[in-house]
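One structure below.
Chains: A, B and C, in written order; residue numbering restarts at 1 for each.
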Amino acid sequence: MIGPGGWDTVAAAAPVREFEEDWSPAIFLRNYWYVAAWSEEVGREPLQRWLLNEPVAMWRRRDGTPAALADRCPHRGAPLSNGRIVGDDIRCGYHGLSFCGDGSCTAVPGVETLPAGLSTRAYPVVERWGWIFLWMGDPALADESAIPDYHWKDDPGWAGRGETLPVAVNYELVRDNLLDLSHAHFVHRNTLATDAVVDAPVTTEFDGERLRVIRDMRGIEPSPFFKRLCGFNGKVDHRQQVEFTPAANIVISVRVNSTENPDHAFENRVLNAMTPETDRSTHYFWSLERDSQLEDEALTDAMFTANRDTFFEDVAVIEAQQEMLDRAPEPARPVRWHVDKGVDRAQRWVAKLLREEAAQCAAAAEAG
Amino acid sequence: MIGPGGWDTVAAAAPVREFEEDWSPAIFLRNYWYVAAWSEEVGREPLQRWLLNEPVAMWRRRDGTPAALADRCPHRGAPLSNGRIVGDDIRCGYHGLSFCGDGSCTAVPGVETLPAGLSTRAYPVVERWGWIFLWMGDPALADESAIPDYHWKDDPGWAGRGETLPVAVNYELVRDNLLDLSHAHFVHRNTLATDAVVDAPVTTEFDGERLRVIRDMRGIEPSPFFKRLCGFNGKVDHRQQVEFTPAANIVISVRVNSTENPDHAFENRVLNAMTPETDRSTHYFWSLERDSQLEDEALTDAMFTANRDTFFEDVAVIEAQQEMLDRAPEPARPVRWHVDKGVDRAQRWVAKLLREEAAQCAAAAEAG
Amino acid sequence: MIGPGGWDTVAAAAPVREFEEDWSPAIFLRNYWYVAAWSEEVGREPLQRWLLNEPVAMWRRRDGTPAALADRCPHRGAPLSNGRIVGDDIRCGYHGLSFCGDGSCTAVPGVETLPAGLSTRAYPVVERWGWIFLWMGDPALADESAIPDYHWKDDPGWAGRGETLPVAVNYELVRDNLLDLSHAHFVHRNTLATDAVVDAPVTTEFDGERLRVIRDMRGIEPSPFFKRLCGFNGKVDHRQQVEFTPAANIVISVRVNSTENPDHAFENRVLNAMTPETDRSTHYFWSLERDSQLEDEALTDAMFTANRDTFFEDVAVIEAQQEMLDRAPEPARPVRWHVDKGVDRAQRWVAKLLREEAAQCAAAAEAG
C-alpha cells in the first residue's frame, strides 16, 4: 500500500491533451514499421488488409519475396486484391492493369507502349521472424534497422505460439491496457490476479528510445496462471517489465522464481504488435514465448490457450471502454495515480512524436 | 361528423417550431423524474441502462435502497456496470476504483489516503410503486413531490400488469401517438376500432400542470376489446381521458358503461412512462390497471396480452413514421384538424419548457 | 493491339470533375423518366419503393391504371404505403387521410368539408412494355415522348426474360461498368471473355441525344457464352453497340455471326435501367431479349441464368469498387485509355445535364 506523495496520490489529471480539440484517434504515426501479417498469410493469392485506414494488397513474387501496394487501382478504383497474381505482378480484376511490387504499371490491356512513370503507391516491406512488416510513411525514410525487435519469435532458444486478435477499439486502448497491468487483479480475477500488482511500486524508465514500466514483486502469492502451468507453490518473486516502442509495439518480459529456491524460475516474453486497422479497430498480433521446456508442445498449447482466454477478457473490457469514450461525455475530473505512470508517459511521448511528424511533413511540403 | 370552424376544419398547420432550425430531438427536458427501471430489474448485480443519451449504472445497497451513477469510470472511462457490487459500493471492473451511491470514490487500489472530493456523478433516485425513478437534471432541484403519479401500480384497489417495450423512435412519437387516439380506428382495426373515435368532439383541458385530452362518446358500438373482455353487447358510453404531464408521462383513464344499464361499467388506467434512451430509441414502460375483478388472473393475462398486441401495432406504425421523418424531406403543407388538438398543445408546451430550462441553465452558468 | 496516340495512349486523366468539391453522387437528374417497377409488382396492395432518395407509394386504381405518390403523409409523416387501398385511393394507416392518384386529399376522418388544395406530391406515371415509368422531376415538364425505348420487352418479334438486381453502389458505377465492356475479359473469364474486347478499337458516336460505344470485332474466337448457347464453333464476327441515354438507360445490341457463314447469326438486346434508390444503392432492372427461337423456353431460361450469373460477377466487382471510392483516398494519377472513351463521354455529358438542370431550377425559383 502506497502512502500519499506525488504519483502515489490520486490526483485530478492534467490532461495529456485536449480531447475535444487535439486528440484524434485518426492520427497515426506513419514513419514506422508496423506488423501487417503473419508470414503464412501472404502467398500467391492476393491478401487485402486495411492498415491505418488504408487498404493494402499483399502477395508474394515467384521468388517468395513479399510485395505490398495500395489496394486501389488508379484506373477506376477497384481493389487490386480482387484480381490475380500473374508472374511477379498483381493484375486488377476489373480492366486488367498490372503492377509490380515497386508500384510500376507493367501492362495496360490493349496498349503497346506505356507512358513513363505510370505507377501506384508501394509500401516498403520486410519479412522477419515470421511476420511481415510494412513501412506506412514516406518510403524514402524507411530504414530496416528501425524494425522493432521481435526476434524471440524464431529464436531457437525460445518456443511459443500466437495469433491475431481483432479488437474493435483504437489501438491506443490496447497499448494502454498493457502499460497498466494493475488491471490483472480485476479483469483477470481467475488467472493473473494477485494483490501485489496493485500495491507494488511502479518504476518507469525512459531513454528516448523505449519506455519501460517495471514492477518488482517479492515474496508474493503466485497468480493462478503460474501456479497451474509452472508448478509454483510457495511464495514467489515476480518481475514484470513492459517495454513500449513506437509506433505500437510492446514486449512484456516476465520472470517468476520461487522466493525460497530462486533457481526454480520461469521466464517468458509476450510480444504485442497492435497495428491500427481503422480509427476504431486494431489487428492485435501477439505471441507468447518461453525459454524453457522448448519441446513441450502440450505446454505451448496450454500457455497459448490460457493467454488467449485472458486476452478475450481484456477485449471485452476495452471494447466497452471504447463505447463509453465515444458515446458518453467526458467526465469532469479524470483521475490518475501511480498505476498510470506508464500510460501517461506513453501518451505524452506519442503526442510529441505526432507533432514532430506533422512538422516534418509540413516542412517537406514547403520544400517540395 | 364535425362541420367546418376553427380546429374542426383541416388547416395547413402553423408549425409548432421550425423543424430545420429549432427542433432537435436531442433536447430532452432534464429537471424531471423519469422512470428508469422496474423494481425487480435492479439488484446486487449492476444494471446498465442508457437514459437521455447518458449511460447509467444502477444497483441496490445491502439495505435494499437503489443507487444510480454515471456509468463511466472517471479513471479510464470503462463502464462501472461491467464491475461488481462490493458491500454498498460499485467497483470498476478495469482498475478497481470504488464508488458509493452518492458518487464519492471510496477506494483506489494501492492508495491509502484518498483526496477529498474525488467523485463521479450521482443521480437522485427514488423507488415508488414498483418503479425506479431517476432525476436527470440538476440534483439540487430534485423534489420528490414532483414524481409523476402512478400510484395505481400498487394500489390494493387496482390490479394489472405491464412491461417495457423498446421502441426505435424519439419518445415524442410515442407520446403523440397516445395524445391522438383517433389512430385506434386505423391502426387497431381488429381490437380498439370504433367509428366514434374519429368523429367525436375532442376537448382539451390545460391548467399549466397537466394537459387533458377528453373524448366523450355516448351510445356507441363497443370496440372489439371491450366486447370480448368485458362482455358489453349493446350500445355503450365510452369516455377516454388522456392526461399528459412532463417530461414524458401519460395516464389514460377509460370508463365504459352500458348505455342502457349504466351500472354495468368497466374502468381502467393505462400508465405510460416513455423514457428516452437516445434520440432515436425509447424505453416505453407501460402497465394496464383495472379496479374490478382484482383476483381474476386470467383476466389480467388476457388484458395484458391484448394491450401488448395493440402496442406492437403502434410500434410498427411509429417506427415507420420515424424512418420517414429522418429520411424524407418535410412536406410543404402539414395538415392538422380536431384530432390534433392534444398533440399540438403538448408540443408547444414542451417547447416552452425546453426554452425555460435552457434559460435557467444559462442563468445558472452566468451566476456560478 | 493499339499503338500510341491520343486516346490509344494511357494518360493521366484530366478529371471529369473535382471529386472533393463538385462531385456529389446525391445529385441525380430529375427531369427524366425512370423505371420504377415491373408491371406485376404494382397491384391493389401498396408498394413502397425508394427512388432517387425519395419514398414512393405505388398502387393500381380499380381500372388498373397505376398511381404513385410521395410515400409520406402530410399529416404526421407516416408512410402511406403502410395503409390500404380503398376504391381508387390510398388511405394512411395511421389517422386515415385518403389521397387519390393525382395527390388530392379525398377524405379526412371526422371532417365534412375539406379545404381546397389539400394535397400531396404525385409523380407522373406511365406503364409501358411491362415496366412502370415515373417522372421524378417537375410534373409540368413530363413528356411521354421522352420515355426511353425498351420496346423489345414486349415486341412479339422478340423473346426473353429479366429481373431486378439490387446493387449497393451509386448507379453511375453500374452505368460505367456497361460502357466499358473490356472488363468482360477479366470479370467474366469463364463466360464472356475474349482477347478481342481489350484490343479492338472503340468507336464512340454522340449526337446530343444518345451516346454509342461500338466495338466491331472480326474473325475472333467466340466467347464461351456464344459457343455454348448459340453453337458457334469457328471464327465469328462480333459487333457490340452500347447505347446510353440519360438519365440511366443502356441498351446493348449484340450481333454475332460466323465469319465463314454470315447467315449463321445471333442477335440480342440487353436492356438496362439503372434507377437510383439512394446515393449508394441501385435498382438495376434488366432484361435479355433475342429475335430468334422465340418459342424455346429452355433457351430463354439458359440465357437468363447465364446473364444473371455474369451480372453477379459485375456486382461483386463494383460493390468492392464503391467501398474503395468511399473509404480510400483518391489516387494521385488516375489513368485513362481507349477503353474509357464511353465512360468519360457519359460522365461529362451527365455533368453538363446536371448543371443545366440546376440552372433551370434556379431560374424557375427566381421567376416563381
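Keep in mind that, in the parts below, a contact is a pair of C-beta atoms (placed from the backbone, for glycine too) under 8 Å apart; a residue touches a chain by one contact, two chains touch by 3 or more.
None of these values were measured; they are calculated from a predicted model.
Contacts with chain A and chain B are shared by C. In the contact between chain B and chain C, the residue numbers used by both copies make up under half of all numbers at that interface. The best fit of Cα atoms from chain A onto chain C calls for a rotation angle of 120°, in steps of 5. Centroids of chain B and chain C (each the mean of its C-alpha atoms) stand 47 Å apart. Touching two or more other chains at once is no residue of chain B. Only residues 53-55, 70-72, 74-79, 82-83, 91-97, 105, 108-115, 118-121 of chain C touch chain B when the two sit together in their complex.
Interface residues of chain B facing chain C in the complex, by the touch rule stated above, are 1-4, 8-11, 176, 180, 182-183, 185-187, 198-200, 316-318, 320-321, 323-325, 327-329, 331-339.
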